[in-house]
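As structure tokens, the structure follows; a few thoughts come after it.
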């Protein structure tokens, strides 16, 4: 259980926010998030944001992931 | 993966307890990258697969009321009750697949003369979002929306598995998104109380790889046994306090019934007295027979690592992916289902 | 003409003829030229013909990027194309629910006519039945088609090493339908890829001798259709996840809904099995002459005989892709 | 295989193939010979082909004298026969409601196979869709067919004096359906006349040059179909009530229910328009060689150009028979 | 209104009778008929006998009708 | 009229007032056999065609109740109310066509959870058989069967037509099967009170021929004007006493509303107080709007012989056989319908 995808808040309107996930827009419920703000990344599960994503960690990991994938593609993967 | 003796190793069993981890393992093809002696097991982590037959029977019974509409996540459609699944029994426009609990609210407003019952299933990831919906509906309506809950808690089932003396699990991948809500610390007991290597990890292929290797390091003694949060970008130590508040506001715990496993103390989340008016159980007289007849399904043994699928006498006979009896066959990546489709080993 | 279909539009009498005259003939082509009699008689010098049928029950009937009528013609033209055939004639059988909107029917018939015109094919025989309200879901269309098989195309046995090409990005039709069926408030530019592929038979003519099989990955998507080919070929299929063309928005929607795009239908893509070594030449043709800029070589046949389809994942793992087993619905797990 | 059709029987995956293998292929013919792939490729030396389609939605699906499967094949073979064609290949497209009984499907498929075998025709391409419970009425079948047109048959313009023959008693299919649909507790031996008429094309071969038109009076019955012919011919049709063959039981049931048998379907009868003066010779052939012992010359074309169909009644009156206007249901008035 | 056909009672069973109309059998309601008997002809309307048919008149008329029809067929009709 | 010269004859108008006579005339082709100056007119003899729009609207309104099933003779299906006919509005399994009122009883027993409403239409031929059914149901059940009546009496509408000063009818064919029930004597008033040639006649082609010629003999003065029962095989002088008893037992008269004609005093049969519990009108709140707005339909004038169909401004525009407004267009043999399809004269 608990399929969730990272998404970015574009704008907030009360309990709801408009978010974008890889170019796809959606209105989601953000009432579980403390002070959601435009620019925040959140985890989206079944139409609700369930947690904020730590942006520093997120960027850091993305860098690592991309490196690992490039490594794999260069044939050094397992 | 670091240095290790290459000869014949003792089998290492690593369990994950989140359906999305199950999927991620399958989709990433990570098994192929692991040494042969490392087995990834799927525990009871798909809340739909472990939903008890009696609950499905109850939902089906609701359909006998002509004015009832069921709203459900798509996952529930093909899971069988004692005899039928919702997808087999539904009439046209009697069962709607929704993406979000809020879609059930929309549905109820669209059919004001009907009673819409939302099948509220999930672990603690889903519990707060359903809880928020319940609170919203309690305060603002619509009045024709009820909730039939089969929400489950992760901790009791983990303890149930870990307490088993014959348990053959060597490491645990904790459910990342339950941890997003409850906090990484919520799973520290696995290591502290049961002395089992455990990591909270994310769902990308690289997350999974990192999680498994980290556990192997501990299991093989290259690192000390310790509880690690490898998913800090989405998991704070204390989780999401607002989400936890919604859980506490709306639900109380109760004994839960797990398909193929049986009763597990305090493992269910049910509506508090205050929200009884929204509980489908109190509005309709649903008798979910918690089938005391001994379950024929051996999933418990399989999940606990005691038996192989083919040792279950139902396997391939009365239990197939098309007609599954237990969680291991229901989930398309469950041990029984995988064994049925691909035989023992393919690569 | 009233604005809803009634039972007597299907009883073979006055109203049925009115429907045929006013809607079908007008939409299908040069008025008067085509006569939708019970049987159509034609002469042909072609000695090798292809013949196919499909029924269409898509819900909703109108979707982003097309409608059931467009789909019904494209589907049959594409099945003819899989046989290396250029389409000649098409039949159209309608089963319509009483109360169906006549304007919607016109629009559907026009879609059919347009695709036919663009592909030089004629609807020459048809049938209309109307069933009681509640006995069908709006409208169902069956089409069958006859085409002339290219002399250049002679499918032969698949061997290990043979290459697999897809002519464009996957899962667009299936994703469009999901978005419309579940009325999901997701903003995207996704449209069904629904289109006729008859031109491939001519465009690829010089390479047809090196094409061993063509198949359009409709129901069940790329994964299911490759399983069928593997079963028939007797060898395993190995796919490369990195090579599978998919648009970012389609990928995003599928992740949000927990659906695997490899199991969603394409309605304007072709899978080609190509004699080992000819993949890149065909790819070049596809890109340059057929406008298939997203065409990709996505895998090949291996020497193993389990008849499995599996995929080399991005991280270098392997994943088996069985045939579709159950409906694709939005999930949370 | 479970005993009810499920949605995944129609998703193009494992279960669909199971259905095709276990039911359709086994029922349709010599197992393994026919391969129901997406497109069927064939070669033919015939230069003149006929092509037709029809969808079948009959309720109930099983009726006295046949079932929807038998009807679906006969209907298409008969439409080919109207074009003077001997059938070659047939397609079969199923739309099945979730929950439909698999044993019933087997029986339907067997009926189809039997008619095909008896008439030397093969089902070579097919399609199966399953729709949600409540989205269809049990089962709908579309068939299309290809046949070789006899060189002897060259329909030409109808002229006044041309004679009209019906090959047997009327309204038997329509009456059988009424009895079963309304579950009327009326005891009769009535059965649907549903049968294939392909043999007429060979049996009447020497007289084909004198046959100007053939048409099977299905939906709308003899009256409606003759209106179509009159419209097309440009002349009036005069029928003789005394000559119209009808079994006493069919007549009785229609009188009891207040229904006009001239508007009820035949599914195993042919209307022949015959060059003036050749009616009796053809009638003789029909009676002696085709086993059509109830065949009758029922009227002729007159020189009047209102394109009306009318009948000389038993008492010498005249009655206009317009096309069917509304459903035939039991009436009290 | 009031489509009705002559039919013959074959047997009576309380309120109901089994009748035959030109070879077609049916169970109908005869509660509107005073002492219905096997052999009686009745007028059948919507599943009920609404009146007995006078058998003498019936036979007489049948004879006349047949004569008239034969006349017509012999070309003496209007 | 009496004696008259044979040259150019004044048009003779003979009316029948039974739908089955209308059908018999059409099917026998008898018009072709008559001299050109003899016109056969169809009066308001099809109880379905003259059923008021408000009644259909009421039946349609019942379908809004999800637990209501309508049972009807097939004749009613295509007759329009203000906007729709039952066949246009019905959902699957909401409207059943029956052959006999007893089929409605069977239907009610088959669907015990539904309320079956039988659309009770007809003249005095049908009234007793529905009356017998009502009495049976009143005594033995089933309790879920109700009756929505639009039963009509023949005498008041005949008097209505005959009383019209401008009436141009020269002879009347009385409805044979109404006479079977009520008795031949029930129509003697036509001749005695209105001095109009009248015959009761049967439905075979020869019956019709005999009836018309007998009327022409009277009209042309070859015989004295007298009331004749030409259908003695099925019509006794006093009719069927048992059938009449059922009418008296179950119904009382009330003013009736006729489509295209309007209100006719005492022309309706409705359930007596004793049987109210079976009356759909008293169980449901059906407001049959007896449309006081002036009817656009000119059938009254056409039936009375005052106007030709093409003189009605609706003719062929808003009123067609496919979309009929009045009884003359609803009945497939009505004056407007025939004129629409075949123009003025065809042979």
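Note that the chains are named A, B, C, D, E and F in the order they appear, and that numbering of residues resets to 1 at the start of each chain.
Heads up, the rule we're going with is that contacts are C-beta pairs under 8 Å (C-beta built on N, C-alpha and C of every residue); 3 or more make two chains touch, one makes a residue touch a chain.
Source: prediction; values computed, not measured.
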Going only between touching chains, how few steps reach subunit F from subunit D?
1
Using the contact definition stated above, find the chains touching both subunit A and subunit E.
none
Counting C-beta pairs in contact, which comes out ahead: B-D or D-E?
D-E
Please name the chain that ends up farthest from subunit A once chain centres are defined by their CA atoms averaged.
E
Same or different for subunit C and subunit D, when you check if over half of the residue numbers at their contact belong to both copies?
same
Subunit B onto subunit F, rotation angle from CA fit, given as a multiple of 5 degrees:
180
Can you give the whole-Å distance between the Cα centres of subunit C and subunit F?
56
Centroid distance [mean C-alpha coordinates] between subunit C and subunit B, Å:
37
Per the centroid of Cα atoms for each chain, what is the distance between subunit A and subunit B, given in Å?
23
Could you please state the distance in Å, as a whole number, between where the Cα atoms of subunit C are centred and where those of subunit D are centred?
31
Would you pick out the residues of subunit E that each touch at least 2 other chains?
1-3, 45-46, 68-69, 78
Counting only residues that touch at least two other chains, what does the list for subunit B look like?
19-20, 23, 33, 46-48, 73, 87, 99, 122, 126, 206, 322
Spell out, as numbers or ranges, the residues of subunit D touching 2 or more other chains.
7-8, 132, 134-135, 258, 314-316, 322, 325-327, 331-333
Note: in the complex, subunit D contacts subunit E through residues 185-188, 242, 248-249, 251-253, 255-256, 258, 314-316, 331-333
Could you list, by residue number, the parts of subunit D that touch subunit F in their complex?
182, 184, 257-258, 260, 306, 308, 310-320, 322, 325-327, 329-333
Under the definition above, what is the set of subunit D residues touching subunit C in their complex?
7-8, 11-14, 16-17, 38-45, 47-57, 59, 79-80, 82-83, 85, 89, 91-95, 124-127, 129, 131-132, 134-137, 140, 142, 144, 146-147, 149, 215-216, 218-220, 224-225, 227-228, 322-327
Show me the residue ranges of subunit A that touch subunit B in the complex, using the header's touch definition.
1-4, 6, 29, 31-34, 43, 45-48, 50-54, 57-58, 60-61, 64-65, 68-69, 78
Residue ranges of subunit B in contact with subunit C within the complex:
19-20, 23, 26-33, 46-48, 73-75, 77-78, 87, 97-99, 122, 126, 205-206, 209, 321-322, 332, 341-342, 346-347
